[in-house]
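Structure first, then comments.
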Amino acid sequence: MIKVVTFGEILLRLSTDGHLRFSQAESFKATYGGGEFNVAVSLANLGINAEFVTRLPKNEMGMCAVKEMRKLNVGHENVLLEGDRIGIYFLETGTGMRASNVVYDRAHSAMATLEKGKFNWKEIFKEASWFHWSGITPALSESASEACLEAIEIAHEMGVFISTDLNYRSKLWKYGKNPTEVMPKMLQYSNIILGDIDTAYFMMGIDTVKPDYNDKESLLSLYDVFFKKFPSLQYMATTLRYSISASHQKIGGILYDGKEIYKSDVEEVFPVVDRVGSGDAFMGGLIYGLINKPLNKQHALNFAVAACCLKHTILGDYNLATKEEIEKLIEGDFSGTVSR
Amino acid sequence: MIKVVTFGEILLRLSTDGHLRFSQAESFKATYGGGEFNVAVSLANLGINAEFVTRLPKNEMGMCAVKEMRKLNVGHENVLLEGDRIGIYFLETGTGMRASNVVYDRAHSAMATLEKGKFNWKEIFKEASWFHWSGITPALSESASEACLEAIEIAHEMGVFISTDLNYRSKLWKYGKNPTEVMPKMLQYSNIILGDIDTAYFMMGIDTVKPDYNDKESLLSLYDVFFKKFPSLQYMATTLRYSISASHQKIGGILYDGKEIYKSDVEEVFPVVDRVGSGDAFMGGLIYGLINKPLNKQHALNFAVAACCLKHTILGDYNLATKEEIEKLIEGDFSGTVSR
Amino acid sequence: MIKVVTFGEILLRLSTDGHLRFSQAESFKATYGGGEFNVAVSLANLGINAEFVTRLPKNEMGMCAVKEMRKLNVGHENVLLEGDRIGIYFLETGTGMRASNVVYDRAHSAMATLEKGKFNWKEIFKEASWFHWSGITPALSESASEACLEAIEIAHEMGVFISTDLNYRSKLWKYGKNPTEVMPKMLQYSNIILGDIDTAYFMMGIDTVKPDYNDKESLLSLYDVFFKKFPSLQYMATTLRYSISASHQKIGGILYDGKEIYKSDVEEVFPVVDRVGSGDAFMGGLIYGLINKPLNKQHALNFAVAACCLKHTILGDYNLATKEEIEKLIEGDFSGTVSR
Amino acid sequence: MIKVVTFGEILLRLSTDGHLRFSQAESFKATYGGGEFNVAVSLANLGINAEFVTRLPKNEMGMCAVKEMRKLNVGHENVLLEGDRIGIYFLETGTGMRASNVVYDRAHSAMATLEKGKFNWKEIFKEASWFHWSGITPALSESASEACLEAIEIAHEMGVFISTDLNYRSKLWKYGKNPTEVMPKMLQYSNIILGDIDTAYFMMGIDTVKPDYNDKESLLSLYDVFFKKFPSLQYMATTLRYSISASHQKIGGILYDGKEIYKSDVEEVFPVVDRVGSGDAFMGGLIYGLINKPLNKQHALNFAVAACCLKHTILGDYNLATKEEIEKLIEGDFSGTVSR
Amino acid sequence: MIKVVTFGEILLRLSTDGHLRFSQAESFKATYGGGEFNVAVSLANLGINAEFVTRLPKNEMGMCAVKEMRKLNVGHENVLLEGDRIGIYFLETGTGMRASNVVYDRAHSAMATLEKGKFNWKEIFKEASWFHWSGITPALSESASEACLEAIEIAHEMGVFISTDLNYRSKLWKYGKNPTEVMPKMLQYSNIILGDIDTAYFMMGIDTVKPDYNDKESLLSLYDVFFKKFPSLQYMATTLRYSISASHQKIGGILYDGKEIYKSDVEEVFPVVDRVGSGDAFMGGLIYGLINKPLNKQHALNFAVAACCLKHTILGDYNLATKEEIEKLIEGDFSGTVSR
Amino acid sequence: MIKVVTFGEILLRLSTDGHLRFSQAESFKATYGGGEFNVAVSLANLGINAEFVTRLPKNEMGMCAVKEMRKLNVGHENVLLEGDRIGIYFLETGTGMRASNVVYDRAHSAMATLEKGKFNWKEIFKEASWFHWSGITPALSESASEACLEAIEIAHEMGVFISTDLNYRSKLWKYGKNPTEVMPKMLQYSNIILGDIDTAYFMMGIDTVKPDYNDKESLLSLYDVFFKKFPSLQYMATTLRYSISASHQKIGGILYDGKEIYKSDVEEVFPVVDRVGSGDAFMGGLIYGLINKPLNKQHALNFAVAACCLKHTILGDYNLATKEEIEKLIEGDFSGTVSR
């Protein structure tokens, strides 16, 4: 059975109920989430053996996060119980023309203060065939970025397939380095990169572009830049997201294997319950699709898009949609008819 | 004053809050509902003398259901307090492209284990002019279907007008009989049948059709099959439901009196709070309309459609829309302007 | 620093959760609000020195309202702690085609029983440059309308700029006088009037009109009637509201300075969280715009419309949108993208 | 079957959750209650045919109160749907050494503005054998006290047994009359009076006493004053309540039939969930006991005390304890063992 | 590492909030629990490798129970996903002199319809050193009792230590057999039995006794009856529970090893949050104690009593007290001082 | 009017509902509190002009804390909006023999990273007559302790009366210094110190004592050590707290003015809603008493004890008891009788 390892930070997510503003909230709903963890949950839900590697404080909050992993059937054998605090993010969920707002309180967290050499990656990757990391970990701190690079290098050496979500967060990257100084080196071993083209260019330090996602020709040449740069690269993927409002999104996707561009339909997502983590649901769906039917790339992309769409209907960071629900969407049934 | 008797099962409904998945729920909202009960509530709310006949266990859960009947002004004088358990259904309310999900836990309930001969139907129908039953009761068990047939036959003998909602539920009918073995006999006394044409054909054992509800001619011939088969039949009605998504429905209706086809406009229903029971709201509205203004069939149909639309905005199984709200819609005012 | 004084009633608002009907509610969310108070909150949030003058009973409910003022940074130095009860309104929030419903329980409140001569308006207006009142206060009782007129006259004498929201409420005006007997006299000192043209005509006792808000020429002549009647008048403004349903509004605005008609774009507002107080958000935004950039009337109008739109996404009576959020909308960004 | 009619006001009760202070509350739990209504609920729960007569506004709040009556199986056929508002009371439930606090907002309610001549008491009392009123109604307004006296006089004429709970509320009696001016005339037809001796003396205008409830001799002479004054009087009863703290009460009772003094044990009630309405539970239990086993006065008293004790464990105004639970207490089983 | 296997039913527990009566509840808190599962949770929390064997339907409710097992770190590898429904119990939590009430709805559940031969016990017990079952499983149905006996016999054969909690539930045992016909045969392999002496005698069919738990001599002879009957028996244990009220318990324990009687102090437990499952917490503590320090029987008993006491402070069926908290109690510190 | 300035950290308090364990919590109640802030709230509630000086991040969480100050009428003019994060503490409220648990997450907070020289203390103290600080601020970090010392020195110079609560927290003091290295220097200007004698000795670096609070003679000599050491000292005070369990406390107090020892009665506090902040309520009550009736020291002490007792009945960090409630307790009325 294929095993996927993801690595990153799991945060305590404190969100206001309904669409209350922070200043109206008397309580916060407490859940756990984080980009790479969310990918692991997606995969575990789809029946893949998924393990999440992270560092968490050995206090009640850290242990609650571990319980969440267990409940969700995500492997946690290599979670390091160390460090001072769990990272927190506060979320005010927007609606209509009012945007959601995220307040990060993750500095000095167990993951942000992680240093390389702490994990026995050779052991961790022994049974693994896939390793997923994202641009959030190198955005936390210099030492976290080094610890992430260490994992990447060992995974590469050991022949583990590497996926990366660029995940640019402007409220992070506060420790004195720019993505351009850190990311290119880390991306050189990626076998699949998920990200907007302009984000990818920005992280490479190439002048920002405003790509036309309907123009296949120009997409080809834009993506090819990465294929030239990174010899390990096998796929580039992009989530197409058109925000009509916080409650109304249009979602599609592109997958490029260095030869052919695959495009999905663009679906209406309305109303939105929670869009946080929908990119991770895309990533999780894509990994699943590529593992499950490696030769049917269009299906893998469609699976990723459908998973991403369904995630918008689910509260919390991670996708709880079932394989059956995702497949129903791929087959074109968006009717939401009651099953009884 | 006209009295309507409805007969069926009332269930404890345990639904997740908001749009939480079952696996996210820490609590269930507890209400009561069931197709035929919901029709009785609609009628009681509209000022009709409505009585609900059922069998309920004599425990706290059964008594809570009785309290709900009282609160809603539905007659409960002939509720039989017997049997082991109240039927339960779990509901996860969908949104957008994620469908609602119903998990039934109603086997062995007081209604499912009901046997004929338990109710004094002659007494019950003494003051009644209308009897409503639905295809759910015969789907519960063989003995429940027999008990229902008994009621139908006595109602028919006593000259009570009989309405039926076909209400096909694929998760029921587990006791070894198919609808075709049970329903035709029960439907022969129906004076009005509500149902999709394909459901009706399926229950008659006639090859399924995919009717074109915009083609009056073909509708006529499709409906006429029933008028030929069932000499008591005076009306066929169909709720037109187009599911764009779980949050977005289009609702209309058709009424056929054996001579003329009446059609309503198709209305946009968006967003949907709760679509469970909206068919019962249609049925309740139709009965009310036919009782209230028997000669104005178009108005009866419009009333049914408006009642059905409004039900979608109301949490729970039954329709709490007022006559004034329904009539405002019939007059074309969908503006939802604050009354102050 | 410019100081704005608003005068009116603050009510205890008891609203059902979600979209529950009154008959389904087991609890009421308790907040505070009222037209003129909501305007003061808008201004305080935008950094204006805003004071609210009212009369409240010296009991726990009155003191909770004062605490709310303090929390929201609205001046309360001249709140009169007298009278028997705080006014209450019950709110059932509609959705889709089901309208919201307001039940007032505000008779005999401290504000409704206010008599003139109670406030030292000369002192109150000493530092003030703007005074705002609305058509709700004269609708409460004869004595309240006299007390309001007293404030208006002193404000006018002292050269304070006067704004008025016509705010017609058909469920008020129960004390034996019609708006036509009361409002014209009170409006004569208004420097800016906000209201629908037909409401304004109705309050003047002129035959109701159904104005065409797209026909600038006819608007000019309709508005000019007021400029002729009221020599102090400098602006007429109207909120354009098209109710598709309780969940779907289209919002725009018109501002006329006696010379030129300014129109904003009409924006889609969907879904609606809470539309109560959105007119007050418009008024607050307009006052802010006219104070902040007095020469840019188009900007003031756009600010009012954007504030009004955003209010629909916020639960409760008053607008908690920030200046930055409003300005993002003015610049055309309705995407609701997560800030992280 | 014996029918009991009770007459008084039903209020909307808005209480804070847990033991939150008013200033901490974001919402109020909404239930309905009132002294005489609570007595009717107690009786209906015990299987007695109980009807509640009151006046309620014909708005949503009034109709919710009627729904509550229906749910609780209390007769409501003679509820008068008139008047402007439902009375409200706000409740902050104390704990330990912090007392509960009640804020009344019941002036101008439908009951407070009731005038005599509105009810057809002859019709109402036709099937009734018992009439219950309390000292709250005459405390509301002069016209309410007159309307109450009218009911008393007709009940007396028709030979209906009359019970009265003195129920002195210092926050009422604001309309210009003292209890001494009103109550003696009303009490002259009472067949049973429930109240503290000092309250009874105070309402009679006799110098207040501090009775020693352990000294039977002095009790005899104190109670006999009333028997001399009121020829109809058959019973005096007193709830013994010792407040150790808001969470800890000791409850007993005394019943005197003009000949013998019956005393119950004094029971520890700890912890207290809600003590509001526990006096009404006593009254309801006493009426039930005297109806059920008229010759066993000690049992009637014990039933009243046990009902009162159990009420303290139940949230809301009225007693939902069952006959079985009450009888278990009378038999001395306070163990609260789980039934499973 | 020692592995403990427990076998029984896990139920969906639907409890009212606070101390609401069933008739007041608008929602039910949904958790999972059951005697033998609760023992497994206790052990897992204390660091023991614990596995729970049961049969659950393969629907959403069954899967939620599995998620709960995972979250709580209880092994679930041998859960059989079959059968029609999960058992349910409704719980109304009492307080003071009002008892809690349990309504079972567990007939026809996956466990109640279990037949022997379904589990591969030889495999399951391969790594196990301890097997725990209780008197609930044989109370469900004849086939469940046979399936339990099968497990007992194989455990015995394989030399697994067997513990039994007698757990008599009068609302079960409805399938036509009495405990005396079933239990003696099952108990013959028990190495430790937990139960009241009178329950044990009742299940053996010996005349009920009212043992004096303070009279060591008589206890010896009462317990010895079992040691004579059951050659495998090594320990008898009894939880001493004195119910002052639903909120106030006194808890102690007795352990007898066939030679010596060990008694713990009796501790005051006040106030009680939730007493359901406190017996299972005792059992879990006792197993832990006997595994952890097999020679210190007094300590094992004290550990059981302290665990049982702490369970009363925790909502839900199973004990979440930590080893540190339990040990603090054993050392005599009941002060509940804030740790900060 | 006397003005009191308090200085310290205000934290976001995230507490579980009811008595749920952290691992059971799905949400956290969000309030704000902190020792010195709580003292300011107590004083503001009692009518004293109280200002709180602190440093808070300029993000939504910081602004919410400011709103809380405004709502509670605590001066916030000198709050410094700087720094990275607000300190957080997680609270699991114990009950019975289960202790409450506090998890601090306050490292790197705006207050912990405060450096001296940031506040204009000369300006702040201009109108102030009293300055309050506690042992929490020097426990946060070296720079915070220096910033606190700066304030103390300026207060002393300007003749402001200085009060100190020793407030030892073993989970703080993590920055490398012991209280003995920091506190003596800071305490030398204190005019009143509140603390346990053993805590005081421990902070002074004198061998810990186990004082007998009933032995006045020995108390005199124990307290006198401080009077000798600190020439400014006018009062020592100690809260007497006996923890029977988390739900049951006994509270008293001692005040010593260098000449005479004042003792209060020891009161039973049962049940406890929330004991966090009860020491701050004592301090606030004591300051109020000494300001209000400076010559009646026994009354000041009794006021402190009563305030402390009442705090235990109130959820949240700070005391919302009114002056009237406190005085009722001082007069010996603990009955918790409903006011109506």
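Observations, loosely collected:
For reference, chains read A, B, C, D, E and F in written order, and residue numbers begin at 1 within each chain.
Here is the rule we go by: contacts are C-beta pairs under 8 Å (C-beta built on N, C-alpha and C of every residue); 3 or more make two chains touch, one makes a residue touch a chain.
In this text, all values refer to a predicted model and were calculated from it rather than measured experimentally.
The chains that touch chain A as well as chain D are B, C, E, F. Set against the Cα centre of chain F, the chain with the most distant centre is B.
With respect to chain C, maximal separation of chain centres occurs for E (centres as means of Cα atoms). Judged by shared residue numbers over all numbers used at their interface, chain E and chain F contact each other through mostly different positions, with under half in common. We define each chain's centre as the mean of its Cα atoms; on that basis chain C and chain E are separated by 63 Å. Separation between the centroids of chain C and chain D, computed from CA atoms only, is 45 Å. For chain C, the set of residues touching two or more other chains reads 23, 26, 67, 101, 271.
If you sketch which chains touch which, the pattern fits none of the simple shapes: not an open path, not a single ring, not a star, and not all-to-all. Pairs of chains meeting the touch criterion are A-B, A-C, A-E, A-F, B-C, B-D, B-E, C-D, C-F, D-E, D-F, E-F.
Only residues 18-21, 23-24, 89, 94-102, 104, 169-171, 243-248, 271, 275-276 of chain F touch chain E when the two sit together in their complex. Note for the complex: chain C touches chain A at residues 267, 269-273, 309-310, 312-316, 320-321, 325, 329, 334-340. Contact residues on chain A toward chain F in their complex (touch as defined above): 14, 22-23, 25-31, 59-61, 63-64, 67, 84-85, 88, 90, 92, 101, 103, 105, 107-108.
The touching residues of chain F, when paired with chain C in their complex, are 67-68, 70-73.
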